[in-house]
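Right after this note come the structures.
One chain, chain A, links the two complexes that follow: it is found with chain B in the first and with chain C in the second.
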Partner chain A sequence: MGYPHPSHSRETPVISKYFGDPEARTLAGWQKRGGYEVLKQALSTDPVEVQNVVKDSGLRGRGGAGFPTGVKWSFMKPDGKTHYLCINGDESEPGTFKDRELMRWTPHQLVEGAAVAAHAIYAETAYIYIRGEYTEPIARVSEAIREAYAAGILGANAMGSGKRVDVHVHKGAGAYICGEETALMNSLEGRRGNPRIKPPFPAVAGLFAQPTTINNVETVCAAIHVLRNGADWYKSLSSPTNPKSTGTKLFSVCGNVARPGNYEVGMGFPMKDFLWELCGGPPAGRAFKAIIPGGSSVPILTPEECEAAVMDYEGIQAAGSLLGSGGVICFDDSQDMVRQIARLARFYAHESCAQCTQCREGTAWTTKILERIRDGQGTMKDLDTLLEIADNMTGKTICVLSDSCATPVVSGLKKFRHEFEAKIPKNRSSVMIPSLSTAAA
Partner chain B sequence: MTAPAAPANPGMVTLTIEGREVIVPPGTNLIEAAKTAGVLIPHYCYHPSLPVAGVCRMCLVEVEKFPKLTPACATTVGEGQIVHVHSAKAREARKGVLEFLLINHPLDCPICDQAGECELQDYTFAEGRKDSRYMEPKRFNPMEDFGGDVLYVPNRCILCTRCVRFMDVVAKESVLNVSERGDRAYIGKFEGADLTHAWASNVVDLCPVGALLSKDFLNKARAWELDRAASICPSCSQGCNVMLETRDNVVVRIRPRPNASVNQHFACDVGRLNYRWINRRDRLEYPQVRSSQGLVTTSWSEAVKAAASAITAAARVTVLVSPALSNEALYLLGRIASHVSATAVMTIARGPEAPLPGVKDLSLRAERAPNHTGAELFGFTDVISPTAGLGSNDLLIVADAAASVSAVPDGVRVIVIGTVLDDMLKGATIVALPVCNFAEEDGTFMNLRGRVQRFQQSKAPPAQVRPTYRVFGEVAAAIGAGSYPALASDVFATIVATVPAFAGMTYRTLGLQGAPATLPAGAAV
Partner chain C sequence: MSLHAMAPDGHAPHAEYRPVFVGARRAELDTLLSRYPSKMAALLPALWILQEERGWVSPDGIEEVAQALELTPAYVNGVVTFYTMYHQHPVGRHFVQVCTTTPCNVCGAEDVVSAFLRETKCGELGVTSADGRFTVIEVECLGACGFATPVMVNETMIECVSVDSVKDLLAGLD
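So, the complex of A and B:
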């Protein structure tokens, strides 16, 4: 649903069906809408069966990487160890705000999804990690958990099943990197939010060194609909041409666009229709210049590249970018791409956890060069240097923050090189350093 | 995951690193495996005594069939792996890391203490860029006194976090942290905490660059001016393996030398900083004998003769030794003592024990002497007051143990065989024989667990000073207690032949790591 706009007829609202409906926030309202039926049934079902339904549905992680959810759950075996579920509600990717709305409007959907997922991975405890700036979502989810405990839905005997399910909210402190799964676990444990080296993978030794599964908010919300209506129903929501991307996806649209907001469409939706019909195209009198389709970490697309693209994992990849978190950022022709890319780089330089050399130094250096070019102090050589730095920053670090900083730089330089060149004073071979030039004079 | 190939060597993993076949136990990481083939994989954050962090990204290597470069520190060996350390791709990645590490580095090698033993300098020289593309202003942070003996120069820091991990995991006293994020990050101290832990100075050695410096060694010498000799720390009975570093015959620094059985890679602050006495200038430099004009300088042969006749003529002899003498010296002193049925005693200085929690059985020991175990083995007993009950019938031989004597009772005659002639002893001294301190001779110590470890000469003795084992050997021969060789290794061979605890040892087999003695049951271990 295109909250705050009325739902468009071509949308497929499943997880976003109750956006804007305050009654759905309450336990009574959620139960009236069929809430917690899936949990009740799941708790009496063998976790392997739950895993299999989700596996069959083709549901993939909605946080960005797109790993098949059922397969991830099936890594967790009943081995007698304490298992943990982490729900990633850190949602710190610039341009992404789908989880925020899910948590604001349907907190019980998340609590139910978390409880179902916990059961599916033989865990009794789920932690919902929500970024600190999300004060309203934190309040809504906390209230939902309180209601659920009071109603016996959570606790030592969840819904009378005899099974224990505990769900806790953990408030992040606002670091982007804490959305990285292992950094999130460090943060939950009370440590500095630094990503961990893998292996060991979380499924082997995650939170508190126990087997852990981590899922995005949207993923577990979608999972309960899969379990309620079946895998085949879920697959029927998306374009039949691509069986690898199934179900619906919630896209957050922001930037220079007529109707920003969240839109839930079936996978495989044509991007052109999405941008023009659903989102209303660029602001009046403007034209699109660039689209970032999946949060700030993915390659920038030109409007031409978006023309024929379809919105699913493979479709956006074919167009030269990634589905990522589903945060669609639109730029119109009034935007200075150098300024925008420099701003993105500054974000990553600010958020680098400082562990890996390439990221710590590379993000900051990239930012300094970009800002110098933006301020008219660049040289042609800087453009080559930027690409070489980006190459040194890609695929060499513990997590992908470094790669994420390099991505918009590389794609931006490839697609908007003329804008960079236009900022560079003609025939300049070296940087003008004011103190030196005055000294020479 | 592919099915594991049948191992070529059962129980071991066989792989190829830089074209060389390597056979190592399972679980070994690639850096350690490469070492066995003589291949150094450049690294900063990895250290064999610390948990793996995998953050410097310097040790990226190419492993065939791996999609990306992999950090060698965090990758365990796999059967049949083919590892390329110096492929174009790996070298390019390291070149990139080096460039990143240097963009905010002040490049102040000419005034940096680490220059000459700096891994950033070494690797940059080996495979870095010849120029910098960095044209922006550099990050600047002021120097900070970290307490203890440690000074932090953040501009040189590469944030490898070895120091943080040492304090957290080995010293188990969290003092250091990584503060801030991105390129603003630096090593910070927790509020109100200081590097006052007894083993804190190890962070200076662990630091691969010039970011953590010893205040004691600051601006004292350049690394390439130093001579180094393998030695044993004389400050307590732990027997930490150390390197004595000298400049122009002066010891300027003591640093730990790795020994997995004793001190891993570590040494405590007390041991490191307790070296100035080795360089004392007020040494006893010539043999002296008392005559009508007082103590007069004489020849070695006259002095030894005088000492021998005093010993044989004495009614009662007490041999007071320092538990910091070598086994070789103490063995010969033991022979002298038993030949004249002397009382053989020592005193052991004591101080507070200070363990390093992260390493098993490693501590600054309460017994502040390197060889009290050896001394006990050679028949010397620990007493509180070695001069009590002595009178005019007594001859006291003080073997470098002036510190054990608070006052000489009236009438007692003293033979001093030591590095210095203490004023308090001077009046009673009839013969004074100058000997080397441990840094000026070869020898062995036995640590509190009975491990026999060699130390090597690291500086030249002054004037006519002679090695302890030679002087004691000559005195022993002069009183008729046998004849002894003039080399430390030969004296040691004599010990091995007569003392069962040392059975089978030679200087060669002891090497630089030592070996445990077979101590009789109930021995002081």
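So, the complex of A and C:
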């Protein structure tokens, strides 16, 4: 539902159905709503069958990459090794706050989803990694786990199945990069959150060097509804014209918009209707200037590009951006795009783990150059330099943080170049260094 | 392991240091250790316990954590300095983090920061007020972008803080 606003009639609330309903947070409340029936059923079903239903449903990873969930689960074979499940609740992508609400309002939905996913990949242990700033979600999920152990839902004989399922919360400590799957695993192991070189992929050697699956919070929450109602039901929730993006997606909407919040719609929903009908359009008296549709790491779109798009993996891609995490960031016509793109670059410079040179140096220099343009100290050549740096930052590093910094710079320069040029003093050919010029005078 | 035993690289907390991992806190650490196949995996949780108890992650605390998990203090320090939420020096009684990343920035978050610096009399980011009550910092995305501007005061997240609500918010703190 459109939390914190009342649900809109055009939403399709599945995973967000109980947002704002405190009773759904408790074990009794969750069970009253059919909770843990799917887990009980799944525990007596062969993992391959569970994988197949999810495969058939077309459910794709909701963390940003969109990899088919059932296929990911099927990489895990009953090989006698210790398997692990990691649930990514690090949610740090600017503009995204959907997992926060899933964990705050329906912690048992996550615990059930994690337990089902663990069974599906032949794992006995699941770790839910939640960013350190999410103190309330951590408390809610921890309490749900405590209740589930006390009721025999988790533990050595989960729901009387004879199978062991353990679920633990692991609290992060402030690092955007720990949302990257291999950085998350390093962090969980007690290391600095540096991403790992792949291969080996997590399904071969992940957490503690064992076969590991890592799923986003929203993905495993959606999976239990798929298993409850079937693959065909899930596919019926989205636009029939695109079988590649199925089910519903929870979008977070923020920035300059009349009704910010979370909205759950079927994949393929028209973005124009979404922005205007559900979210209420821009703030009163304003117009949209730019929209980032999938979290800060994806290309910036113009309102025209957005309004022609449908909201699914392929639809947003056709519009020139990516669905990403579903974090929709709105900018109205009072915003200075140079200032905001510089602020985004500063975010990435702050969050770079500094392992790869292109990222460590690239994010820092991009920020310095953008900030001097913002402050009226730039030159026309700086615009070329920014693009050159962006090129050197794309596709050349261990993870995509570097690419993510380059993306808004490149798309911003393409679509709002006039704003950059307007800040560059005419006839300036070299960079002034204020302290030196003051000393000389 | 005795708390006065030497860590692998020969370091130990100062004699007057009061250990954190005793009694209920030691039991808590033991429970944590039972959840992972390695001792090292309990490092982030152990550092959280240390910070909850002492308000910051001190060099002596690092020595104690290193001993408890059979790591070197240098290794633990390397991990501590990677993450932004571990305080490497004492901070004010109320640690205020204001999100100023883009989604909040476009909603006026920088003005909220200025209001906090003014009303707390901290004056500057990262500086603790003379009365020891407040430290204010800017923080990157708190993950509550639809509730701009979110502010964390110690462990509590407060949604939709505006320039006008800063004074009232601070009045409710000791």
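Everything that follows uses one rule, which is that the second predicted complex is superposed on the first by the 434 of 441 C-alpha atoms of A that agree within 3 Å, B and C clash if a C-alpha of one lies under 4 Å from a C-alpha of the other, contacts with A are read in each partner's own complex, and residues count from 1 in each chain.
The rule is short, and it goes like this: a contact is a pair of C-beta atoms (placed from the backbone, for glycine too) under 8 Å apart; a residue touches a chain by one contact, two chains touch by 3 or more.
Everything numeric here is computed off the predicted structure, so don't read it as measured data.
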Chain B versus chain C, judged by how many residues of chain A each one touches: C
Partner chain in contact with A:His350 - chain B first, chain C second, else both or neither: both
Touching partner for A:Gly268 - first (chain B), second (chain C), both, neither: neither
Touching partner for A:Glu133 - first (chain B), second (chain C), both, neither: second
Touching partner for A:Lys396 - first (chain B), second (chain C), both, neither: first
Which superposed partner A:Gly58 touches (first chain B, second chain C, both, neither): neither
First, second, both or neither for A:Gly247, with chain B first and chain C second: neither
Partner chain in contact with A:Gly206 - chain B first, chain C second, else both or neither: neither
Touched partner set for A:Gly362, first chain B, second chain C, both or neither: first
Partner chain in contact with A:Gly190 - chain B first, chain C second, else both or neither: second
Residues of chain A at both interfaces, chain B in one complex, chain C in the other: 175, 192, 350-351, 353
Touching residues on chain C, where the partner in the complex is chain A: 35-38, 40-45, 47-48, 69, 71, 78-79, 82-86, 97, 100-103, 105-107, 139-148, 152, 155-157
Residue ranges of chain B in contact with chain A within the complex: 52-58, 60, 68-69, 71, 74, 93, 96-97, 99-101, 103-104, 133-136, 139, 158-159, 161, 177-178, 180-185
Chain B contact footprint on chain A (complex, rising order): 175, 192, 197, 349-358, 360-365, 368-369, 372, 385, 391-392, 395-398, 431
Sites on chain A touched by chain C in the complex: 4, 82, 91-97, 100, 131-136, 166, 168, 170-176, 187-193, 208, 252-256, 260-262, 296, 327, 329-332, 335, 340, 343-344, 347, 350-351, 353
